[in-house]
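So, here come the structures, one by one.
Next, two complexes with chain A in common: one pairs it with chain B, the other with chain C.
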Partner chain A sequence: MKKTALNQISELAADLMRRGTLIAPVKEKAGFVFREISDAGRVDLNFYNTLMSPKSAFFPPTEDFVRYDKSKTVLDAEGVEPDLKPVFLLGVRPCDVKSFQIMDIHFSDTAPADPYWKKRREAATIFGYAFDVDAPADAADFYSTLKIGAADPEGSDIFMIKKGDQLLLKAVTPKGESLLSSLNGLAQAGAEDEKYFDDYVARGRNFKTRHACVEDGVIAKKLEDLFHKTEFWEKISDACLSCGACTFVCPTCYCFDICDETLFGKGIRRRVWDACMFTDFTLEASGHNPRTKVYQRLRQKICHKYSFHVRKYGVISCVGCGRCTRNCPVNIDIFSIVEKALKT
Partner chain B sequence: MSSNNPYLPIPVEIIKIIDEVDTHDIKSFRLKFINPDDEAKFQYLPGQFAELSVYGRGESPIGIASSPTDKGYVEFTVQRAGAVQPGLVTSALHEMDEGAKIGLRGPLGNSWPIEFLEKKNIVVVGGGFAFTTLRSLIHYMLHPDNRKRFGEITVIYGARTPGLLLYKDELAAWEKRDDIKTIITVDKGDETWNGREGFVPAVCKEIAPSPDNAVAVICGPPIMIKFTLPVFFDLGFLKENILTSLEMRMKCGIGKCGRCNVGSQYVCKDGPVFSLAQLDQLPRDF
Partner chain C sequence: MSIDFRKIEDNLKKEARRLLEAQKVSLVLAYGKGFDENHPMPFVARNVSDVDCIVFNEYCSANLARYLVRYPRGTKIAVAVKAADSRTVVQLIQEDKVKREDLVILGIPVYGMKDPKTGEVIDNKTTCGLYNPVLYDVLLGEEVHGQPVLSPYDVLAEYEAMDQDARWAFWQKEFERCIRCYACRKACPMCYCDPCFIDQNKPRWGEKSPELPGNLMFHLTRFHHLAGRCIDCGECSRACPMDIPLYLFHKKIAKECEEMFGQAAGMKIEDKPVLINFRMEDSDKILE
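Our next item is the complex of A and B:
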């Protein structure tokens, strides 16, 4: 285990920038966001959590697939492969690290693998970062409901815990181990630090956000039973604007569109984030659309995360990060919907 | 270009275009692979589909209308879409000439379950333009190497008008054969029509195929499917032996983009073929 002073984080950042691309939280007007760092001094770990999830490191809002020229033939089109430079993703909260593992099942582990997600994941080293277990969780968070600790190191390559004005860094994977041992300017942590780290992880496991007893199989079945109870869904979606904000900030929403964008005869086929909350998401060329109503789309989102995904992949596709609740313009709260479903 | 990237189309050439119906909005496109390697890799079964790709327009998921027993080409029957707004890809295809090159991604989805169909009597029920992957299945079963693997074959196919029937020459040829029973119906005939009139579900009820060791393979517009599925259930067909092909809006075709999700299934990858027993396990959200 290594350690460094929190106020020397820019030196760690600078070291990582020499080795590859560094993506880390920076403070902007609206709040903290993950950015590709060009100025090591901007890395700021004094954040609660970022506005947007870090999924864009592996699943960017737009991803180019093919470059084409309309004056030429399909034979001249050029496939685009993602850039394989090493990426360091610094300061990811445990619930967001968990989201990567959930997305891996869909994108990497289920054939055919998505080459873009997979290659970006392989090129990345994740520095997870524990929540502060001495401060209360944000009112919107509910990750403990999903059995995610505030300081779970699993899924990170290197896990970081704040200890006073120090930052403890512990390798979790061989990839993390080899990087950590080669980083410059870090001090060796002592036995006391090791103990602090282990205790902190344990305290993280007992840390409570908003909490309900949600078992995968129970909620999956409950939502199957409720699916055709239209009144339930109409009531919970009454205020929904179908704006899709919840899906864009979500670390486990992966729906996308594939579009051709042509300018002056040259173009790019690319994927772009899309959302099941939009009415034309399921609009077929024939004019048929199974989800014209707001309640049908919100139902799809909730049931996909808490029921369909459980049936398909054996895991709830939500990590309780609270972003959808924090960013909903009409205060729709997925945790309350799940609680309500369980009580219905 | 990496050949392992499932999002990248392979190049194909349109070698033949067939104007199928009197409204001229449904054409068949016979495609030849430009790279022999791609042809070898494109191993498909009836019931599968592929994404036809026109750069600058996009991609459309289209059922494969030829059978793997039809060598040297792969064929797609494409309707010019226009109910919502002019279909970007389908209208581009309709404006193309033979010799044009387009992209192809596939084969995609599951297929009609060939092994399950073996040694059984097959009732093929099609409506309108959705007859394409059923034609693929019929081609496959009628191939001399395959015919004896299947029992009796009955085809019930309907269209709104005689002019809207697809593959008219083939229908005429099947009617002359004694190893396939072909029943053609139209909703409304015209002065040239001497055949049967009536909606597909009603005709199925009238023909009343025996459910003994039989499988019904049904594909058509949603309204036809809705009324035909119960006919076969009432005739005594097991729910496991009533098969249909679902339609949902699709993009990636490989179970990643989330668009065609119904319950725990991605129609593009886990389907499009489902039995009535499987459909009963899914929410009615398609």
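Our next item is the complex of A and C:
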């Protein structure tokens, strides 16, 4: 285990930038956001959690697939390979690390694997970062409800915990181990730090966010039973504006659209984020739309995360990061809906 | 004089109960409990038993008039409105999206409303700065008098000090951040086009990818679609997760419309939206 002073984080950042691409939280007008770092001094670990989830490191809002030129007699097309430099993703909260494992189910663990996600994922080293267990959780968070600890190192390659003005770094995977041992300017942590780290992880497991734990299977079954109870869904979607804010900030929403963007015959086929809350998400070429109503779309979102996903993959597709709740223009809280369903 | 939120809440409940009991309306658009006190949610009361769930506090910034167009024409609706929200209702009546006789307007005279996300007072920053609804059937509190008269355009000072190039650079920088979640459009009570031009794909007016060209196409077109129609409720700016100050553009256009045509959006039912009305005395400034 290694350690460094928190105010020397820019040195660690600079070292990582020499080895590849560094993606880390920076403070912007709207809040903290993960950005590709070009100035090591901008890395800022004094954040609660980022506004947008870190999924864009592996699943960017726009991903180019094919460049083409239709102006020639024979279609001229060329595949676009993702940039394969090593990527260091610094300062990911445990619930967000968990989201990568859930996204892996779709993009790499089930066939066909998505080469773009897979390559980006393999090229990345994840520096997880524990929440502060001495401060109360944000009112919108509910990760402990989904049995995710505030300081769970699993899923990270290297896990970081704040100890006063120090940052403790512990390798979790062999990949993290080899990187950590080669990093310059880090001090060796002592036995006392090791104990602090282990205690902290344990305290993280006991850390409570706002809701009591609920069994995945119970939620999944309840929502399945409620699926055709239109009055229930209509009532919970009364306030919903059907915008895409919740899905775009969500770390586990993975829906996308493939678009051809052509100008004067030349163009790019690219993947862009899409959202099940959009009216045209399910619009078919015939003009038929199976989900024209807001309640149908919100029901899909909730049931996909808490019911279909559990039935199909055995895990809820939500990590309780609270981003959807914090960013909803009308303050809809996704887990309050689940609780309402359980009480119905 | 300070606002008695409790009294407004009680009156709102009382009116909702009365209207639902007498079957004067089939639904009441009000505010209900959210996941905590600082995050109330728009709430629809359909039965007398729903009335107890109604709340009102300084975080009830949402413009409920946005939901009016969601229900079939002819639905009898009671809607709780603050000043800017009442202008929405007037504007929607002008545009024939709702009929005056189908509505019971529950006016809320209020100031000091806060953005639930930031806790910031929104009076004339993102909203129109009026305290009393411009149109109502029942007033749920005492009319506000003696408060300083605020101009909705005060916040434009910094923006107006920029020259054309600086403004262009400003908006490019702001729109680079846009993630195209369309929260602004969906929160906007005047954005009711179905489908929105940006969702059309034959032809495709703007690219779907969240990058500057498509973002500019979407926002600049939306801004101009709202010229003379924006009632300055500020919902677009509060809805934006990326904190893009959309209100600046809307307020700037509203100010120019007001200067040119002597009419602000959504003030009187008898008015016609400035850009669809021709009067001999209209300003020719736009052609200069």
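Heads up, the rule we're going with is that the second predicted complex is superposed on the first by the 341 of 344 C-alpha atoms of A that agree within 3 Å, B and C clash if a C-alpha of one lies under 4 Å from a C-alpha of the other, contacts with A are read in each partner's own complex, and residues count from 1 in each chain.
We adopt the following convention: a residue touches a chain if its C-beta (ideal position, glycine included) is under 8 Å from a C-beta of that chain, and two chains touch if they have at least 3 such contacts.
What you see is a predicted model; the values in this text were computed from it and never measured.
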After the overlay on chain A, what do you see for chain B versus chain C, clash or fit? fit
Classify the contacts of A:Asp193 with the two partner chains as first (chain B alone), second (chain C alone), both, or neither. neither
C-alpha centroid angle, chain C to chain B via chain A, nearest 10°: 90
Once chain A of both complexes is superposed, is A:Asp157 in touch with chain B (first), chain C (second), both, or neither? neither
Quick check for you: in the superposed arrangement, does A:Phe227 touch first (chain B), second (chain C), both or neither? first
Check the residue A:Ser336 against both partner chains and state whether it touches chain B (first), chain C (second), both, or neither. second
Taking the superposition as given, does A:Asp257 touch the first partner, chain B, the second, chain C, both, or neither? both
Of the two partner chains, chain B (first) and chain C (second), which one does A:Leu75 touch, if any: first, second, both, or neither? first
Figure out whether A:Asp96 sits in contact with chain B (first) or chain C (second), or with both, or with neither. neither
Based on the superposed arrangement, let me know which partner A:Asp141 touches: chain B (first), chain C (second), both, or neither? neither
What is the minimum C-alpha distance, in Å, between chain B and chain C after the two complexes are superposed on chain A? 6
Overlap of the chain B and chain C footprints on chain A, listed as residue numbers: 257, 259
Mind listing the chain C positions that touch chain A in their complex? 34-36, 38-44, 62, 66-67, 70, 116-117, 177, 179-183, 185-187, 194-195, 199, 207-211, 235, 238-243
Under the definition above, what is the set of chain B residues touching chain A in their complex? 1-2, 4-9, 11, 34, 53, 55-60, 81, 83-84, 87, 90, 101-103, 222, 247-249, 251-252, 254-259, 261, 263-265, 283-286
Show me the residue ranges of chain A that touch chain C in the complex, using the header's touch definition. 28-31, 51-52, 61-62, 139-140, 235, 238-239, 241-245, 247-249, 257, 259, 261, 270, 272-273, 275, 278-280, 294, 325-327, 329-333, 336
The residues of chain A that touch chain B in their complex are 65-66, 68, 70, 73-75, 77-79, 81, 106-107, 110, 112, 114-115, 224, 227-228, 254-260, 262, 267, 269, 271, 274, 276, 281-288, 290-291, 296, 300, 303-304, 308, 311-312
